[in-house]
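In the two complexes that follow, chain A is the common piece, with chain B as its partner first and chain C second.
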Partner chain A sequence: MRIPTGVSAADFSAALTAFTRVVGAEWVFTSDADVDLYRDAYSPLAGQPDERRASAAVAPANAEQVQAVVRIANQYRIPLYAISTGKNLGYGGSAPAYTGSVVVDLKRMNRIIEVDEANASVLVEPGVSYFDLYNHLRAIGSKLWIDCPDPGWGSVVGNAIDRGGGYTMANYRNHFESHCGMEVVLPDGELLRTGMGAIPGSKTWQQYKSGCGPWVDGLFSQGNYGIVTKMGFWLMPEPEAFLRCTVRVPRYKDLIPLVDTLNYLENSRIVTGFPDLATPLLGYPPTGQVQLYIEGTAAYPMTDEHKALLAKADQGYSPELEAYGLAHDIPYWELWVSYYGPPEVIDAQWQASQRRFAKIAGAQFKVIDRLTMPVDLTKIDDYHEPELGVPSLRAFSIGARTPYNPSPSKGHMWFSPIIPRTGEAIFEANRVFSAAAKELGMPLFQTFSMPACFWERSFIFILATPVTTDPATNRKYLAGFKKLIEIGGQHGWGEYRTAPVFQESVMDVYSFNNHALHRFHETLKDAIDPKGILSPGRYDIWPRHLRKKAP
Partner chain B sequence: MGSTSTLDRRTFLAATASLTVGSCLPASVLAAMPLSPALFVCDRRFTGSLARADVHATVTYIDGDVTALWRDQLSGLWQNGTASVSGLTQPAALFCLEQLARGHGRSVSARHTVAGTDAIAWVISPVSPRGFL
Partner chain C sequence: MRQSVLLLAMAIVPTMAASAASPDGAAVYDKWCAPCHAPGISHPGTQALKAKYPGEWQGVLRDWKELTPDYVRLTVRQGISVMPHFRKTEISDAELDALARYIARKP
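After this line comes the complex of A and B, so read on.
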């Protein structure tokens, strides 16, 4: 059995006994075989001495048991690490930020407490997965949709707390922003409700987010100030119809007005679905449609001449390549836009969109899908399921061996800096990161990379860094990843989210005024968690006794 | 998700053996292989080897993606009951099923990479008496 550093064997054993009294022996896990299940399946440090590993796990059934576990942890100074479903693959899995922590596994807390059809909202516990919520809504005949990330097995709460994103309408895609009200166990075991939930007998907990006074909800996302035991979310009413179209523009420089126009249309709530940027000339498919390409249904075919020109292009550009595209009607850029709503409304939105995009010379328009709801589940495989509110696991087929992916990796680490939502920024990010990746020997770019459009006002320039079976290669990529974070910081870019192994490097970039933000985080930590028991090290927020740097 | 048919232990072994000329499953997989698994999951890529099926278990075919298998069959099957599930898939599909199994009191009790192919033969069984690990 592993024991957390600084905790005596006697105290650890007493704490485990006390946990057992609270949750029952069946729900305290201490054997290596059980605790190993909390290792990060995508860890670049798998099997290495510095892999972050838990010492034990405890699975409470309700908020009262979470409170009791937290109080016991305070008594014996046991570091805890809360997870919801623990499927945070690519961002750390279910492994703790601080080795030796006891994982507080909230999977048993899987109640869907309330579905308010009229308010289009739900109140759920952390163990509720997207599949669970989807199935429940269908079972009760609800006309509400979920917005889910690519893997549907994750937790509605856990994903939102790590500030994940999905694929439907803009105001639902940002999962933390679409939450409304939280219940949180604080590091001293106190139970807190945020927003209108702070009013006993509140009638509007899932209707108005901020309540009155400072709005604290953000502190419980990507932080270590509490264990979230309930969370409300606003859901999207099933739309009458869905329309997906493409806008294709011919020239390299067209990317700039293409993005500017998209921004105008999104900020005006004319384009409402997930926009997806692709480049047929450079062979990069849209983020949301990537499975279809792997399955061979929508690949951009290329002639040998095209491939040869591409190989010679610099950062995805050469006059010859552009000329080839123009001569063969292969657009440089392709934007997928989609719309949700009544047919006459979305048709009008598409008309208005075309009018705007038509200002780019040579723009071409095409309707790809026009669906009426409810979704025909027998045909769901033809679409990117999350865009139609349906959870899926198809993204993992990307990991299978296919012609597209001849040597599958062991997993990946998401490098995901936020960059401005402009065409110029896409060019610059490609220039900066592809040069750096080349120098660092990291296989991140084939030709040119397109950002993901989860958020409305920024792009995520997301790159999957492979995890291999070779520890030396993994170390090299790990060091390279940290260097990329640093380089991003030098350009004013920072990650939106990252795995524990990179959290120190990432938070180092947020250094304005001598790390005022980080100092504030740690001041808060000292105030509300003086013994530092809750998720120490998460997003580089360490309790005083574990800090490397001078306070 | 596609069609289903049935097969038994012998066919499972034959299927695997026919992928690996001259090699066979290790004793650990043989021992763990249930006589009649509740379900046998087969990636269509490997169906050729199941052509001569002797029928005793339901076979579900997948094309790499386990979503429909999970949604339509396993999520219900794994809510309760103790039945084992076996399969012959690519590692990526097994990875997903292994992760899902963990949340439902099950784990991979045997696995065997079929030499020279992308196939992996596996058995997922309940872990007694654990709740969800």
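After this line comes the complex of A and C, so read on.
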């Protein structure tokens, strides 16, 4: 059995006994085989001495048991690490930031406490997955949609507090911003409700987000100031119809007005669905459709001449390649836009969109899908399910074995800096990161990388770094990944989310005024969690006694 | 209309609870395996098995005749390729036994 550093065997044993009294022996895990189930399945350090590993796990069934576990941890100074459904693959999985932590596994807390159809909101516990919520809403005949990330087995709460994103309207696909109200167990075991939930007998906990006074919800996302035990979310009412169209523009530089026009249209709520960028001339599909292309149903065909020009292009551009595209009617860029709403409204929005995009010389327009709701689930395979409010695991085809990928890697780590939502930023990010990746020997780029439009006013320039079975290769990629973080910081870019193994490097980029933000995080940590028991090291926030002693 | 669904939510729990007397292997399969291993192109597990073992079999886990219960148990707890391992709060030992028997068609 592993014992947390600095904790005596007697204290650890006493704490485990106390945990058992709270949750029952069945829900305290101490054997190596059981604790191994809390390892990160995609760890680049798997089997290495510095792989971050838990010492035990405890699985409470409700907030009261979480409070009791936290109080015991304070008594014996046991480091805890809270997880929801424990997926988070590519961002650290269910493994702790600090080796020796006892994982507080919230998967058993799987109640959907309330569905408010009129307010279009839900209140859920951390163990509820997107599949669970979707199935439940359908079972009760609700007309509410979920907004989910690609892997539907993730936690609705966990994804939001790790600040994940989805694929419907902008105000729903930012999962943290779509939340309304939290219940949190603080590091001393106290129970807190945020927003209007702080009013006893509140009638508006899921109606109004901020309550009165400082709005503290952000402290409980990507932090270690509390364990979220309930969280409210606003959901999207099922639309009457869905319309998806493409805007194709012919020239390399057209990307700049294409993105600018899209931004105007989405910020004005004229384009309402997930916008997605593709490049037929370079052969790269839209982010949300990648799996459909990997499955081989929609790949861009290319002649040998086209492939040869592509191979000679510099970061996706050469005058000859552009001329080839113009001569053969293959657009440089293809923007997928979509609309949710009544048919007459979305048709008018599409018309207004075309009028704006038509200012780009040579722009071409096409309607791809026109669907009425509810979704015909017998045809769901033809679409990227999350854009229609349906959870799936389909995106794992990106990493799994397919004819396209006969030798899959063991996993991946997401390098995901936020860049401005402009065409110029896409060009610059490609220039900077492709040169860096080449120098570092990182297999991240084929020709050109397109960003994802999860957020309204920024792109995520997301790149998958493979995890292999060879420790030396993984070490090389790990070092390269950290270098990319540093290079991003030098250009004013930073990650939106990262695995524990990179959290120190990422937070180091957020260094304005001699790391004022990090120092503030530490000040809060000392005040809220003086014994430093809760998720030490998460997002590089260490308690006083562990600072600069990261494993 | 404010609809409290607490009772409905709780009703979901007993079918999957680890302490259930005799877990239903088919239900465990439908919840935990089918999202990746059901028939069709949108299920990566099915596509991966089909790519790894070309032939008449279409890669659907439930139809894999050579699987043994022990291999199912091992794979669920250790993971394979990009499929992660599953914790006991997700699939309990009793549920895993039922699942292994269900997939391997053992009584």
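The rule is short, and it goes like this: the second predicted complex is superposed on the first by the 546 of 551 C-alpha atoms of A that agree within 3 Å, B and C clash if a C-alpha of one lies under 4 Å from a C-alpha of the other, contacts with A are read in each partner's own complex, and residues count from 1 in each chain.
The criterion applied here is as follows: a residue touches a chain if its C-beta (ideal position, glycine included) is under 8 Å from a C-beta of that chain, and two chains touch if they have at least 3 such contacts.
Only a predicted model underlies this, so the values are computations on that prediction, with no experimental measurement involved.
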* **First (chain B), second (chain C), both or neither touched by A:G201** => neither
* Contacts of A:P406 with chain B and chain C, given as first, second, both or neither -> second
* Does the superposition put A:P319 against chain B (first), chain C (second), both, or neither? -> neither
* Contacts of A:A59 with chain B and chain C, given as first, second, both or neither -> both
* So, A:R394: does it touch chain B (first), chain C (second), both, or neither? -> both
* Would you sort A:P301 into first (chain B), second (chain C), both or neither based on which partner it touches? => neither
* Comparison of chain B and chain C by chain A residues contacted -> C
* Asked: On chain A, what residues does chain B touch that chain C touches as well?
  -> 26-27, 29, 34, 37, 41, 59, 85, 87, 107-108, 131, 152-153, 291, 295, 381, 385, 392-394, 396-397, 399-402, 408
* **Of chain A, residues touching chain C in the complex** => 26-27, 29, 33-34, 36-39, 41-42, 57, 59, 85-87, 89, 93-94, 105, 107-108, 110-119, 127, 131-132, 136, 139-140, 152-153, 291, 295, 297, 380-381, 385, 392-397, 399-403, 406, 408-411
* To do: Over in the complex, which chain A residues touch chain B? Could you list them?
  => 26-27, 29, 34, 37, 41, 59, 85, 87, 107-108, 131, 135, 152-153, 291, 295, 381, 385, 391-394, 396-397, 399-402, 408
* **chain B residues touching chain A - in the complex, by the definition given at the top** => 63-68, 70-71, 75, 90-93, 95-96, 99-100, 102-103, 107, 118, 129-133
* To do: Spell out the part of chain C that touches chain A in their complex, as residue ranges.
  => 1-6, 8-10, 12-13, 18-19, 31, 35-36, 40-45, 47-48, 51-52, 77, 79, 81-90
